[in-house]
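The structures considered in this document are given below.
Common to both upcoming complexes is chain A, partnered first by chain B, then by chain C.
Here is the complex of A and B:
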């Protein structure tokens, strides 16, 4: 549970809004419950008077037995400190909540996701369309009474799969064997697909008179689709742009092409079964994802891992940061046109670090290494020597080498400086996190602002750059890699002995009822896991606050007025990974 | 299976071994095709990263002639479906497959493309790309290590080496029909299932399914 802010503020908030806002006094829960009608005033007071200018997470929960839905918000101060949780409860058969997009523009994509998956309607949202499924999809999948086509039971582990000694496959129970389910009575005759009409309408009207038509040529605007199959969209991501010549007038991101139902599957899984699924969220940084999930569940269970486990966790997390930043730099240069040679150099270091991961956890990428209260297994013999060789010898030289090759290059400077600028206030308002936020001049790093694990004992700096353009986002990754090396030197030098797991390792962990929000500073930004438990072996609600998804809120802002070729570079500098964006 | 160019029954004298080759049309045709399969630059999810790692210097793909990854489907031979196939994306995948010129091959890389993988039970996941595309090689793994992917490529090369011009469909008399493209409706609509959907249109409502 995040600690509450100073008691003085608590009293004043509740008194001011009473009876519109009250403490959430369910056991294991925290924060405030605000009435829908007072939500906007409450949020305005939070942002302007109490300094909670950063809205980190917007999500929803379906409480079917109580007949209501909740819209849950987590807000933080950019000066640091624990966060504030507030919720709005609405009746389940007509869930309408005022939209916070006017106050916190970063809520835009998250409210769309909550509408899509849960059906909570946000009044005042400028463009409330489905985001992870498609327009015309039937139903709201994350509702508790919505059953997917391969549904067998409410929660795993599944009962006997071989009733009466006979094996059956789930495909035998599903019509058409294709995992599809149509609404009753629906026929394809005479039905017209919805298609992308709403999307193109949201782009804005195509006009031939725009602000800076200074030379008054009678030009027209066109709509261009980039993706989902495109060599530089970092996965299956689609952008629809409205162009005036080559200048972008408006841009809409379209995602959901990799929507793998992580949260719905997460509700069916047990807590431990979810760990390998978190590997596949941000598939470059599986150790980081495991870290965040383990923290969230450990908060609920109120346990902490032993010292050695904490040190090894930080070792893995920081090595993952180097892996990710190397890959990000390689792919950014891919987008710039340097096809594949920088990737070759970057992936060489990645291979060496992945060798260490494979030695320790058994797998190169999907490590599944963290457990609740510790780690799955200890470091094998030879792992520390390998880590020492990497941290003290190879990685500093190679990072400097890459820096020497790339940073002064005329082409990179010419194409990246001044492109895709995101000013400081907008970065905070759009809920940006990670290197994107810090390159815009905001010194906010979860490892310093709200320290977890042993980061409060380690000596490192938070990297900040001031201009907020693509070049700064590129350079800040080198800075962060060097700071990670500083942390790694301390961890490798001070690694203690001892156990790696608190208590006995179990398959069926006992998690008390309550909610928790565990967050880590992943390589792409603040990765948060929001868990609601009702004491059963399966989570009641499991939500991932994905940094790449929310960083895309600012994509239009960064790209307006730039040329089409700059869109590709700007997207590369945000460093998205589709597993996280779509979950 | 003998995958070399020279016909084994006709021996070549030692002094001419490097200069003269006695071969059949099938062998030389397949040798050219299998030594330069150009994959499409099409990475869906986590498996794509292992595919890229296979193309980097440690597990070099260039020694197989496959480092040329073309973004345009019109210029490639092989579609590596690397990652989970979702319903929102499958119309585009089928469209891309239709655009690749013959002879074309499909490799289902990873557990998700082969049969749904860990996300099989999802409501927006197609459990296996072989429900819509004809797959030539399946590479299991989650993700398959680069060594496993290379083994998959070598298996594909062996498959190509066994094909013959006499029986190839792309030189046949009948035109090859493009695959029908699925449509996104209340759920995914496979055009091949339309008769079954229409036959089931008047079945009673499914229990516990809520309308939007």
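Here is the complex of A and C:
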């Protein structure tokens, strides 16, 4: 199903838009540089004529020395094949880029994030507010000249640790030191918080004539805040809904309660130091996060791990998928009111898999197991036996048991069938990925569409379900676990011997200048890492395309018209992890 | 008929409930506080109640388990501690949260650095247990510990570990990580003999 992008059309793209679009000819970079004024035309041609119907990632880069900002887009075809990168360059002092929300609604949250963190203004965006930092925040933290409190140096390793290490506690430093910048003329005493007025305004009031229910009863619309304390058990997340009676008219997700600017930390870190930090993104699936990041850096370094390492990587990634899907099903049942029994059944299997992770990597959840060009260490004695036992005996049995336990239940069917429907076209338009996309009838899986590692050699099916409702998103996780077991059987059977690392393990890797985008099919969907290197030990730009963050773009679309009680179930069916959403 | 699915599901929970009692019976009161039973309960054939009665019962940690680094010293004559650490600073450079501070020893007479640390601090509040320091130490001098019960009432005094608090004898390392220890010692011996051989070759 992987078809190559039509080269003729792509060739003519440059000529057609000349001088509005040109190839990015910086060494190590790819794709097109489009002029801001022609961006909308360019994107429309891509989407409508060339079939790039899926806008996967929107982000920005601050090229401080050149005085430029760049907005970077990655687009794909849902029929498969490699992606297309295009960029818009704007001056740093007035970065204004036309918004693509009209063409690709999936850009909505991502453009907000780019505005929030980099200060790129997307003109025409319907609701350009801050998203990850709080609304009173001053400055745009991912800009290269922005410095946080306790700022020490531009990049690690920090100089005062060796050879004359002066130990100190972070709170012994003055918390609000000269690193903190305030707007001119601002005083803490005179500050009045704006509150949530902008947020409530963004919900929009629907006039009574719009109401589809043409009954004579006069109902008022009210705004309800769900959260920010665990609206379900997924983490600190808040949903603001406008209700008409009990029916959802509009919904806004509010997030950032767990925001720590993972990307800024990542740009201060060396390449290797980022590996343990990626564990903390989606803390359920640290192996998959490691995988994506390792791929992105390996692409830049142009190395590949040895055969055995590839097999172990896939073994770990697929076990992670089973862990995640089991817990996702369990937590969805929590949201449905089946309080914790399904979760605990799922967690039993999870513990057994995490035992395997622990004996291999040294930690249950924060595995930090992948290295550039290989792995941290080989499988210890007993790990393969445990894996074989799990894959051939325990997990198939337990997945069937969970299936028997849940899927037939009339309560689950009653609560899930036909709820939170996301039709196929909208799933693509809203850049949904992973189980959410596939439950809406789109057969798109990065492992098949753009194979990485050894997935092109493995035999498995891409699971698809057609209805796009909560029940299908629930069921597709069972399908995917069974496919993962198929992959695992092959991996365990064919596990080759040999080395697990290409070259010598190094703590300072040399990464040539350039950009790369490594993406894997994580359990929650396409997990991408966008890196820009300038040849220094620290990455110039490090961006995470977080699947559960971008899947939230369609939450409003799924919930509209449903009842208030269905919101929590719909959220549960997306399966978010706030460590990844808030970054 | 409506309700069949629910009943089928309830049969699964009933099975789990029954299993927990049946497994108790199988062990005849020796299901808990018994390492043999613990291994069976936590194995892939385990049935019944899965939880562990911490802190009376503890799960054995695997050899690779990592928690807070420690420094290795070899025991010399008269109980003298010979640090393996040469204060090369690689651990401090590779540490992602930068929680390692090292002061190098300078020789009082010559003013030149000596290959041993004068001070060595790890702030365990910041340490993220990633294990990179142990992985990249060229002298096998810093390793990850197995002791995870470090909670204390006062983080101000107890959570910056100094060199004394960090130092552990080589025998401790050999006890908690036998396979790693054997492999590394073999490598060290091999390197040593290669060095000797090179010396001999130069002499002749």
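Simple rule for what comes next: the second predicted complex is superposed on the first by the 544 of 583 C-alpha atoms of A that agree within 3 Å, B and C clash if a C-alpha of one lies under 4 Å from a C-alpha of the other, contacts with A are read in each partner's own complex, and residues count from 1 in each chain.
Methods note: a residue touches a chain if its C-beta (ideal position, glycine included) is under 8 Å from a C-beta of that chain, and two chains touch if they have at least 3 such contacts.
It should be emphasised that the depicted structure is a prediction, and the values quoted were computed from it without experimental measurement.
Undergrad: Looking at A:510 after the superposition, I want to know if it touches chain B, chain C, both of them or none. Which is it: first, second, both, neither?
TA: Neither: A:510 stays clear of chain B and chain C.
Undergrad: Given the touch rule stated above, what does A:389 touch, chain B (first), chain C (second), both, or neither?
TA: Only chain C; A:389 stays clear of chain B.
Undergrad: Tell me the contact category for A:277 with respect to chain B and chain C: first, second, both or neither.
TA: In the superposition, A:277 contacts both chain B and chain C.
Undergrad: So, A:365: does it touch chain B (first), chain C (second), both, or neither?
TA: first
Undergrad: First (chain B), second (chain C), both or neither: which does A:343 touch?
TA: Touch status of A:343: first partner only.
Undergrad: Touch test for A:269: chain B only (first), chain C only (second), both, or neither?
TA: A:269: touches chain C, not chain B.
Undergrad: In the overlay, answer first, second, both or neither for which of chain B and chain C A:159 touches.
TA: neither
Undergrad: Just checking: does A:235 make contact with chain B only, chain C only, both, or neither of them? Give me first, second, both or neither.
TA: First partner only, chain B.
Undergrad: Once the complexes are superposed, what residues of chain A are shared between the chain B interface and the chain C interface?
TA: Residues common to the chain A contacts of chain C and of chain B are 170, 276-277, 348, 351, 366, listed in rising order.
Undergrad: Which positions of chain A touch chain B when the two form their complex?
TA: Touching chain B from chain A are residues 119, 132-134, 136-141, 143, 145-152, 170-171, 175-176, 178-189, 191, 193, 228-231, 235-236, 256-262, 264-265, 268, 276-277, 280, 283-284, 340, 343-344, 347-348, 350-351, 364-366, 578-579, 582.
Undergrad: Which bits of chain C are touching chain A when the two form their complex?
TA: Listed in rising order, the residues of chain C that touch chain A are 2-6, 8-9, 12-13, 16, 42, 44-45, 50, 61-66, 87, 89-90, 92-96, 98, 100-104, 113, 119, 121, 123, 126, 128-132, 135-136, 144, 156, 160, 179.
Undergrad: List the residues on chain B that touch chain A in their complex, please.
TA: So the residues of chain B touching chain A come out as 41-46, 48-50, 52-53, 55-58, 71, 73, 83-84, 86-89, 92, 96, 116, 118-127, 131, 142-143, 145, 183-190, 193-194, 196-198, 200-206, 208-212.
Undergrad: Taking the complex as given, what residues does chain A use to touch chain C?
TA: 156-158, 160-167, 169-170, 269-270, 272-277, 341, 345, 348, 351-352, 355, 358-363, 366, 368, 376-377, 380-381, 386, 389-390, 393-394, 401, 404-413, 505, 507-508
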